[in-house]
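Going in written order, the chains are labelled A, B, C, D and E, and every chain counts its residues from 1.
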Amino acid sequence: MLTVEGLRSRYGRIEVLHGVDLHVDSGEIVAVVGANGAGKTTLLRCLSGVQPVSAGQIMFRGEPLTAVPAFRRLQRGLAQSPEGRQIFTNLTVEENLRLGAFIYEDERVDRDMQDAFAMFPILREKRNLAAGGLSGGQQQMLAIARALMGRPACLLLDEPSMGLAPILVAQIFDVVKSLKALDVTVLLVEQNAFGALSIADRGYVLETGRISFEGAAAELIADPRIREAYLGI
Amino acid sequence: MKLSAKQASLLVLAVLIVLSPFFFPSGYYFRVGSLLFVNGLAVVGIVILTGFAGQISLGHAGFVGIGAYACALAPAYLGLHPALSAVLGAVVSGATAYLVGRPILRLKGYYLAVASLGFGILVSMVLANEARWTGGPDGIKTPDLGLRGLLADMGLELTNPQFWYALSGLALLIGAWLALNLRDSPTGRALRALHGSEVAARTVGIDVAQAKLMAFVVSAVYASASGSLLALQNRFITPDVAGYMHSIELVTMAVLGGAGSVLGAIFGAGILTLLPQALTVFQNYEQIMLGLVMMLVMVFMRQGLLPSVLGLMRGRGE
Amino acid sequence: MSLLVVEGLGIKFGGLHAVKDVGFTLKSGEIVSIIGPNGAGKTTLFNMISGIYLPLAGRVMLNGEDVTGMSPNRLAERGLSRTFQNLQIFQSMTVLENVMAGFHLQARGPVLSDMLGLPGSRRRSREAEAGARLLLERVGLERAAEREAGALSYGALKRLEIARALALRPKVLLLDEPAAGCNAVETEEIDHLIAAVAAEGVSILLVEHDMKMVMRISNHIVVLDYGEKIAEGDPATVSRDKRVIAAYLGAQATEAANADG
Amino acid sequence: MPELMQFLLSGITVGAVYALVALGFTIIYNASDVVNFAQGEFVMLGGMITVFAYQAGLPLPLAALIAIAATAAAGVAFNKLAIETARGAPVVSLIIITIGASIFIQGVAQVVFDKQLHRLPAFSGDEPLHVFGATILPQSLWVMGGALIVFVGLWVFFTRTLTGRAVLATSNNRLAAQLVGINTNFVMTLSFGLSAAIGALAGVLVTPITLTSYQIGISLALKGFAAAMLGGMGNPKGALVGGIALGLLEALTAGYLSSQYKDAVAFVVILAVLFAMPQGLFGRKAMERV
Amino acid sequence: DIKLGATVSETGPASFLGDPEAKTLKLMVEQINASGGIKGEKIKLFLYDDGGDPNKARTFATRLVEDDGVVAIIGGTTTGTSMSVMPVVEDAKIPFISLAGAIEIIDPVRPNTFKTPHTDRMACEKIFDDMKKRGYTKIGMLSGTDGFGASMRAQCLAVAPNYGITILADENYGPKDADMTPQLTNIRGKSDIQAVLSPGFGQGPAIVTRNYAQLGITLPLYQSHGVASNGFIELAGAKASEGVRLPGTALLVGELLADNDPQKPVVMAYKTAFEKATGTPVSTFGGYAHDALRIFVDAVSRSKSTKPADIRDAIEKTSGLVGTTGTVTMSPKDHLGLDLGSFRMLEIKNGGWVLVK
């Protein structure tokens, strides 16, 4: 579904991705883990088109994506819940969700919104309040819900569990798992590596801009080097 | 020995000021040079307020006006020496900034801009309307500084443009030196910090209101000094110096050159002072060219001219 | 004696009673954690204690002095310092300068002295720089010292905030989710750092959703839900509290935490 | 009290002019946080193009239509060539670009048209209408009507349409706007086109009252800017109320206090209002939490 | 070549004064050079646009003196720009002919400074003279706050007592204001007022005139020479401006002048040439530039050299030179050389100008 080959990207003169190769098959959940500053966020930004790619190829559903502008990528089926949440702070919660489905104008939008409210009831409570007033965790829920409103074929999640209460972290991972049933492919960047790998099919380890390990999630969890470096066990 | 960025900036500035006259074909160039320095001085003040502390003022010409009119009015009504009048102007400007700054610096962004704009308009309106004192819109004469005569007595004969070139060049150097010192001092860091995040600045102990007020006062004094120099040099002054067009011009100079950097802003003052002189050959097309150049610079050098150029050079160097 | 005493603190936003009648105490060198579901009012509580919001009710005593509603900069002078859940970085300054700004209270001096570059001003800057470099080393950012802060990754910025907060040499340190965005290993480093700071006698108030960390280092835990305190006690007590499990921890998480602990 | 009535009518007339200019600011501001200092030039272009097209023999409505379309095109071109190319530049740099554009457009107008003052015939004649002992020109009603219609249009646009929401989203968080599929470039183009068209419409409506020349833009823009800030930047309601309030302030000051210092009094009142309400009368406080 | 400098406000708030001035200078220099120049030498014109900014004007004056090496300077469209050019020319001893109105420019007399337009004091005197003749002694004033309006207001306030005129209302308007009905309402409210005087230039006077008609005020309205051009009638509208009186120069009423009037040929020649070359109607202001250039040319042809000092001396000896503003005769005590007689009181009738007898 999504193939990345030799992806390089830079901020100004500093290159932070030095040729990343990875692929995500349809219906898979793939986890990417790595230390602070490894380039995980940069990788996702490249995929969603808000970060220039200096070399390499991104193929999505068999078509090259590199030249597609960011705002068209949702139409192609790629949605992202970005790092730092990036909600529309001055708009209401409901407006945020509605804009998540900006490219659609049908009755399914309303249904999706009800689904989002069902998933995160607090959002329903706060639907008419400015999103900037939400607590950190509530904003994180909003960011995820907004991404889902875009009806993605492939969902890119950048640290979705960040700032969420433990009970919700578990819930988020359940949601991600349940997306599989809906045929949504997920690329999951997580610091909670244990949680991520537990629900993922496969995983990658990104180390200073390069993939250093890859394999089935279970294998990675079992790998002593990874256990020591990223799982803290 | 390796020069710090500050020393390098000052050195570049000093060398340019001292060496350029050797290439000047006529006295007119001294005049343009001194104008550049006078504008540069006010713009350095803008750098402190806007570049460092992130507060936008569209009324700084008001302080230029106070500085300028101090040099016309204090000698006439108080019998003060012109040089002392300039000092008085700076004091009045600083005090006015202190009083005005307290309420308006609570505002942010455009709201601050419009409030300061209102202040500037108020000043220029008083200057224009109180004709009995100020000579009204047609302006008022300022006395001779007398320093040039003094120098001549000491054997240093300078033409008028040469004298003002030297004096305002010196003033700019001092102004730039002070601002560069400020930038990397604890106070300067506090200003730049509150620019980044007021909340965080307060939690590290910075009295944000106080710091902003300080920046406002200091930049007002710079503007005032610039106005005084202009008035004494021109020997005649009109309320136009206090008008909003001049305020906007000052901010434009700062941003065009690179608002965060002292040298850059002076560079910007240079461009906007020299450009109209150079563009006179285009006659009716002058304004078109000026607008075009401003847009092109900002489109292709977003951080301002100097920082962008330096960035390019550094990029090559590595 | 208690360094920080919070009594009956409350605030409303519109109709929402975001924090209601919350109180607790913090002793010297103690680590107290505030936990609770998202939106429970933890950050809001921090904002009131640190002077960013004016509480509607209750009071805050710092070192025996009533500091309710005092501005953050005056609180900083009294030894209270904090980090932010929503990063508050001085973006266009370097990493080093960010931490140096944290030394403001020790480094500040007369404007004139600073503008004239008098030796005193230069000395104050030098001292701040030396202190800042030490702190950067302590949080593992020494190699990024000269980089523009805006260019750091999220996790690195979290640590930068801690370094800046430490620069004030606080007596009371408020940390709002310091480990968010860090993986298990990085979290453990922060964990050690916090413990070490506390060991130096600094009192720490911690908000964190990483239960492993909270359970490991807290002396005392206060649990909020819908703005109200629903439980408090030592980690073992709190983690067994039914209401806490139901509202916050969830069954799975508790198992996991217990298994690891 | 025919005097008071006359002052009020004068204030509302001038206020409606300011309101129309202020309304023009809102769209670009809402899309990009940029106060477009060239907005006054759009007003000028609207007036000047109409004047010259009309002098060339076109019927007035057609001339006005051409002026509005041409100005909108100029706005779009300005966005495409300058603002869009400067993508990612800090807001201050964008503001300077708009100042440059203002100078540029003035320069062009001065060459293409001339430096003289011009006037358009009033749409419904010059016969004053009498209201409670005071008089008002029919053209003032045109201006007021224009302001009202533009206000309603903008209000509906921003609160009732998804595109309007997309405009707000773009300025609030451009990155996120792209991620949810908003073509932010198009939003900007649309905003500049609309703003320019509103400006031009203002120019057409007010020229019979205020007269026009290549350089009227700046002072109109400043007044409009002040009005918009008084009302709260970005909110159409604020622009309308702020404009009318500013006009009334000036007229009442000129009538009762001092015609010399009427602008000053107006600014003092603005300062006082901002002191009490730092976001203006209807401005929304930006929601940022720490 | 004879190098002549000029700095006028082609753009900026005074551009509708400066623009015809610049056009006139260019046009006439071309004409003179085409017909062989002065004493066989061609004039080289250095013309700068100071945008009405006094600071710029001073810089251009320095440029003209120091860099271009001109022998004389024409310009200073406004009083402010003229006043800031003066220190430069007095320093360098270069003759300077200002095109601005205020009396301060030539009073006190400075060695190198001359000017062509009537002073604003003369305009006040001319108007008050006319009022007195018609028996108006109580008037209201509504002045622009720009340089022109403010300066003339001050002069009028000063000379009014000489004509037994009391000013009962003294209102002002900003140069960019769009509506003056409040001020006019206040003037109308004072029942004793017999006439209204409105000194100003730019769009202000036109709007005043229109508001005057809107309010249905029937008192006689006097404008200043600042609006003495056909453009004014067009902007204010023929109907609203019917009956408005103002002091103007012969230029506006060239056709109406008696055939034996010495100004008639001069005025008509300039008018024809200007209107043919530019396609726009002449205005009083272009006439000022015309006269300044004529004074310069006349002086150069009389002086023994083209040195600035000699030209200055020759200008001071100008005598009986017929220009558009009047017949100029200067002296060491009078660097204007015009009297009130050359000012004409004009009235607008049926959208055109007529001479008031």
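Assume a residue touches a chain if its C-beta (ideal position, glycine included) is under 8 Å from a C-beta of that chain, and two chains touch if they have at least 3 such contacts.
Keep in mind that this is a model prediction, so the values were computed, not measured.
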Subunit B and subunit E share contacts with D
Smallest number of contact steps required from subunit C to reach subunit E: 2
Which chain has its C-alpha centre farthest away from the C-alpha centre of subunit B? A
With centres defined by CA atoms only, which chain is the most remote from subunit D? C
The chain pair with the larger count of contacting C-beta pairs, comparing B-D against D-E, is B-D
Using mean CA coordinates as chain centres, what's the subunit B-subunit C distance in Å? 42
When the C-alpha atoms of subunit A and subunit D are each averaged to a single point, how far apart are the two points in Å? 42
For subunit C and subunit D, let me know how many angstrom lie between their CA-based centres, rounded off. 47
What's the distance between the Cα centroids of subunit A and subunit E, rounded to whole Å? 73
Two or more other chains are touched by the subunit A residues 133-136
Among all residues of subunit E, which ones touch two or more of the remaining chains? 10-11, 145, 172
Could you list which residues of subunit D touch at least two other chains? 110, 260, 263, 288-290
Of all residues in subunit D, those that touch subunit C in their complex: 288-290
Where on subunit C does subunit D make contact in their complex? 43, 47, 52, 84-86, 88
In the complex formed with subunit D, which residues of subunit A make contact? 48-50, 69-75, 79-80, 82, 86-91, 95, 98-103, 105, 130-136, 146-147, 150
Where on subunit C is subunit B touching in the complex? 50-52, 71-73, 75-77, 81-82, 84, 88-93, 97-98, 100-105, 107-109, 111, 114-117, 121, 124-125, 128, 164-165, 167-168
Provide the residue numbers of subunit A that touch subunit C in the complex, in ascending order. 11, 14, 33-38, 41, 83-84, 122, 129, 133-138, 140-141, 159, 162-171, 191-194, 228-233
